[in-house]
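After this come two complexes, each holding chain A, first together with chain B and then together with chain C.
Here is the complex of A and B:
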């Protein structure tokens, strides 16, 4: 397993009294930022994270949009703050980006002046995708191919989707001035060439920087533990881990799937602190799984590379890909990813 | 030549890579050598196919001729298919019948035709007395689909047959039935063994994989291989490391043998065993139910990869018998329960 590089965190802090309990944010970044700035070697206190809870915020999310975000594979990026981005200019951005995308796609081809391009770009806000009211509003960008048919019933086809969000990004927000909008987590679905075009426009227009967000084995383990800890009414998917073995000359992949009820039983047996997940518990959970495996196969999974974890809540791949399956824990999953994105930016 | 047959022929020819075209056509032996020389093999494949189809039409190629070409192509590309293994058992108290190939073929075909009026059954004898069978499946009212055939490789005088099953799953029981009846066996069952590598499956099933090759020379002592690498390390440590490495090497060779491993792509284990741990005794201590797990190992060459694990320090030596028994038990699907 890769060396521990998780941030420290302070125990849960109480936010202001008007917020309901489930908006309590642990702020692991505060302490780490300070210590990094002071350039002192920081003592590793056992990191803790709050078990994701079913967020009441779900009610404000448009169910149609929510369904759109689930069950899709998203490629993850971290994004530095956007300079002079304004939510009131979304229509203007749509227009500018449409023209930019069309121009990029037409590069190298002879084009009639004034020709009507058959793609359009739409910006729209995603209400309710945030952790605290202070988080910047999430928004969605889509490349659509305009329907060729005159009939109104024919819907435009979605070619590419990307969305920007910030969940519990308080500590990060505090470090930037008001000209900046903080949406450190970017998720994209569609062809890489489209992602590159959109990314280029954003980087030029808002002086920001995208960077692929890989997820290392350490964080994958945390995700597996946290998502196994989530209460589920029923399980849609098995709990599965994928390891890649660095042996040569032939590659070897090991897929280890556990019945979700059994994984939960194992977790419940490991879990001691109500409402929180600790490093010790994550380590013990993974250790039990690995030792059960070792008992049968005499192979040390810890000497191999954890590449993917999959649960009924979500699945994540080390290359920085996520698929969220359970609407109840959407915010919880995004919160962790926001943490990782912020960590990468700093 | 019927249009459907001509089309089937054209598509089969298009499957064949250009570098193999001459070899396969020669093996097909439908055209005499002199006629093949007159064909222009330098043109584009689509055009070549058109020319060949025309020639076949002149010679009134039949559906069975084209099916034969399909068999030859598949034999040359056997690793494109996934093969299952069937094992049949003898009738109890049955005398060993002298195997009659023609009788087998006729009985096999008849069994299928009685059940489904529309089937195309073709045979081609192969090396080691094996027979390759191709079956294209239709129904009582529709013609056979030539593009989703089943292939069977049967070794007479053994109770084994290898089958690349069509995606039409409903055909499997009927196929089993036909094989069983035609070969005078009492029962047929599918083994828990599956791979793309037909020759490796054969080697495993017939226990031919452990033949030692005379030129195989991997047992050079480790000291020779590590010359000059450890100059600054305590020689006693080097010695201990070397002793351990040699132990691992020796055990690995004892387990896997000194020969190339048969090639499999995966092994799958369905586990229903209780959680037990020496270190973490409290965990799940009261739970009676086992953990239900499904473990799958995948690799382009699974057994070679497993063989390299202990020397690489990723696994203990000796490796678990669950893994090392794959060739000897002739299985790559397992169900493991507590005793």
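Here is the complex of A and C:
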């Protein structure tokens, strides 16, 4: 029975305030509120997450593009669903956004769409960057500056890059209608002013909203544990933690580097359920690191704030900046970031 | 020093017409916009009408010097102006000292509040006429900071001094730089545009060239571009090489008339003119801030990392709430040429910008082009009407997402030390609340926002907005909301002042009222037979009753904490005025009595109005219960609710006590026993007959006045004499004193054997 359309329904039936809707929890609002309530309620369900694995879909990613996403520092944003976004119009969007960027750059002078600028904006899809087939296709936006050299094999210089993705965003997908495209995670690399221009255009055109996505210490610990748990063929970087001591006039940073194999050994010793990471394990892992530090330096790291975690898989800063190093676990890293972004916009 | 009397008005009008989006520093941009719209207004948006009276006071003072300690700097300015106007006296020693003090006076006012147009007129004249030396002229020019605007005449006069050759090169440079900075403050620009040829000729001067170029860059219109000027510019370029300022002007010329300039210019744009390093910009901003205008300010698209992740400022917009723009702009903007069918289609739909009136909305409701950003409806009552009746879920979802994120992003206590935006946030909340009141319905975004932010709320910041938001929480299960909201509210409630308590109770009353309205609109249409709604109704009634119970609990404790404050009691009884009428007013099967802690406090209150209010509430309870009972008897079916016999019993008990205390002088027959020695201490031995309409502490006053009215000469009144016929008269006296609640209560609950005459 579809409660919204029952004939005896009241004339004043408003999608947002209907008694029956409320009790049958049928509207997206209700589902949304449920999740807000769950978030804020006291009883925190102890979460379990999968240890990142190599994704099947990832095989289809263009290796050139994949390399492009790695080893760059990305600033993270959460993004509400895009209204009436269409993958078939990417060319048109490129044209419009080029004109918009040009107009913003040379404030005041009139700009005609389609005119030849020295700046070009390009949209392209990132095939394969998804968790499940239901996830929206990821796409990339780049601002290129056309090189002035007349030579034929000139290469345009990339001024700014941003990409939108959604990895395992099913739960969120359910709450919106088909007019919307869910790409809750946005990553940007380049000047902030360009991010602002592009963001403004998206907000105006697709009625969406960008917010910076900060990563709190709790989530950083989770990242540390999950990324340490990843199996690596060879380690590229040491595992490093940065703790910040808030004191004036300048805050004091404590860097704590561990050999990646030692970190993995520690993880293996606290890890019980194969393939899964639990809250207790994360806590235990961090506690062990802290107590080791305390034994040597008599400093309680638990009294300070974790601000950065770097491993061979990726490194993340509490400001909401991330660098992904290992292509194998790209999807795994993005899945957790998507989860955080969805949490922020729900 | 004179001011044309009409200027104040003229400024006011212009300010009203100029859109807020014109911002000062990006000069080229604003100036072109103005040219396009074919008007010569200046963009002194930030200097608003309020500034004007100040200047007129300033003018008044010249003729009518009033000593006012607060305005000393301005008085000093007056004297300085007089000094400069008359010109320096020849006595050398005192001249220097005078000059210095007067210069200081001018500088003081200028850097602090800016100078009025008349002062700028005079001083500019002085600075360029060469009356004083270079140093003085420089200082004068540096403090030419307008408080409102600059008269075009002053500038034209100043330019005319440049031709006389009285001022040095460095002063000329400084003047041009000043002119470039202040161009947007000049009230008209027709005359200045006529001087284009003069300015262009000044390009000859190598020192002045860069600054004149900048000025010309701002002034140039299409018809200023002439072949001979192009030639001249190209000559200069050949002579001086590729100078950025010349390039700027050339590229602008080329933009206007591409055919005249065949020379290829570097396409890559760069900054031609540095605007940062001039002595006035910072002062302008400071003056503007001090003059307390909402700073539209030099808005930059920055998201500096030092701002911290949570303080992303809004991108490229002047207010939190987006501007109304119809949605299709992007799509149409993309099409180079519109086909005929497109054109016809467009004619059929109405862009939201054109929506002006309600009839227009009704006529076009089927073909309205919705705004590109749904958040903009908040400021638009007509569109609020529209979204209220439209059943398109995506509209509501768009609004939901935008509002949730905006509230979260702007919320003050999520950010560290960012209280400048306090007012902005408060305004946003006010707008949202207005929209909710307009729609008579709460937004889900606000509910979610409350749940997230209530645990962090300090109970002070944006208090009234927060409590209002609370009263618009859409109807839902109380036991679900309680841990999220009310459990956080209780500690704040108990630890705050009585005023906070009262406002919370007020909001809870409004919440109850909103819930009851929602329920009562849904219930009558659904038959009470065995359909799933039966349980639904039951559940919603339970939810409402839990809310009432919760408020009863809060109130009882609060009364004790506040020593039975009559003020607080008023707010509590206000709440129960809603509660007692639920059955009759909202047609909902619910009767809940007020808790004893409140009942007895109200009954024995020293405040007559409290007693009166209680009487009214008891009277309404009685009516509601009788009505419910009657319906029960009529339908003879198993009714949808049995307000339990316990409620009935409790009510009867309350009623007995009240009658005892007010009428029969037999209070507390059963349930109270007071130790005799306590009564002895209180010197009340016969308490059982010491409480009635005459002797009730809050009514004793009335009894005395009543007796005095009867016998004005009486020295000592004996209230015991009020009985029998006099009792009746006394009653009428009480009723005539405005105790309506008491009247209703006595008329309904007491059988009077004699008709009041």
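Basically, the second predicted complex is superposed on the first by the 293 of 346 C-alpha atoms of A that agree within 3 Å, B and C clash if a C-alpha of one lies under 4 Å from a C-alpha of the other, contacts with A are read in each partner's own complex, and residues count from 1 in each chain.
Here, contacts are C-beta pairs under 8 Å (C-beta built on N, C-alpha and C of every residue); 3 or more make two chains touch, one makes a residue touch a chain.
None of these values were measured; they are calculated from a predicted model.
In the superposition on chain A, A:254 makes contact with chain B only, not with chain C. With both structures placed on the common chain, the touch criterion links A:67 to neither chain B nor chain C.
Contact comparison for chain A: of chain B and chain C, C touches the greater number of residues. By the touch criterion stated above, A:103 is placed in contact with neither chain B nor chain C.
When the shared chain is aligned, chain B comes close enough to touch A:304, but chain C does not. In the superposition on chain A, A:236 makes contact with neither chain B nor chain C.
Listed in rising order, the residues of chain A touching chain B in the complex are 238, 245-259, 262, 265-266, 269-270, 284, 287-288, 291-293, 295-300, 303-304.
The residues of chain A lying in touch with chain C in their complex are 8-10, 12, 14-20, 22-23, 27-29, 32-33, 36-37, 39-42, 80-81, 83, 92, 95-96, 104-110, 113-114, 118, 148, 176-177, 179-180, 192-193, 195-197, 199-200, 203-205, 207-214, 318-320, 344-345. Those residues of chain C that touch chain A in the shared complex are 26, 28-33, 255, 266-269, 300-305, 308-310, 312, 315-317, 322, 325, 330, 333-334, 336, 372-374, 388, 391, 393-394, 396-398, 400-402, 404-406, 408-409, 441-444, 447-448, 451-452, 455, 474-476, 480, 483-484, 518-519, 521-522, 525-526, 533, 536, 539-540.
The touching residues of chain B, when paired with chain A in their complex, are 269, 271, 273, 275-277, 279-280, 282-284, 287, 289, 291-302, 304-306, 308-309, 312-316, 318-320, 322-323, 336.
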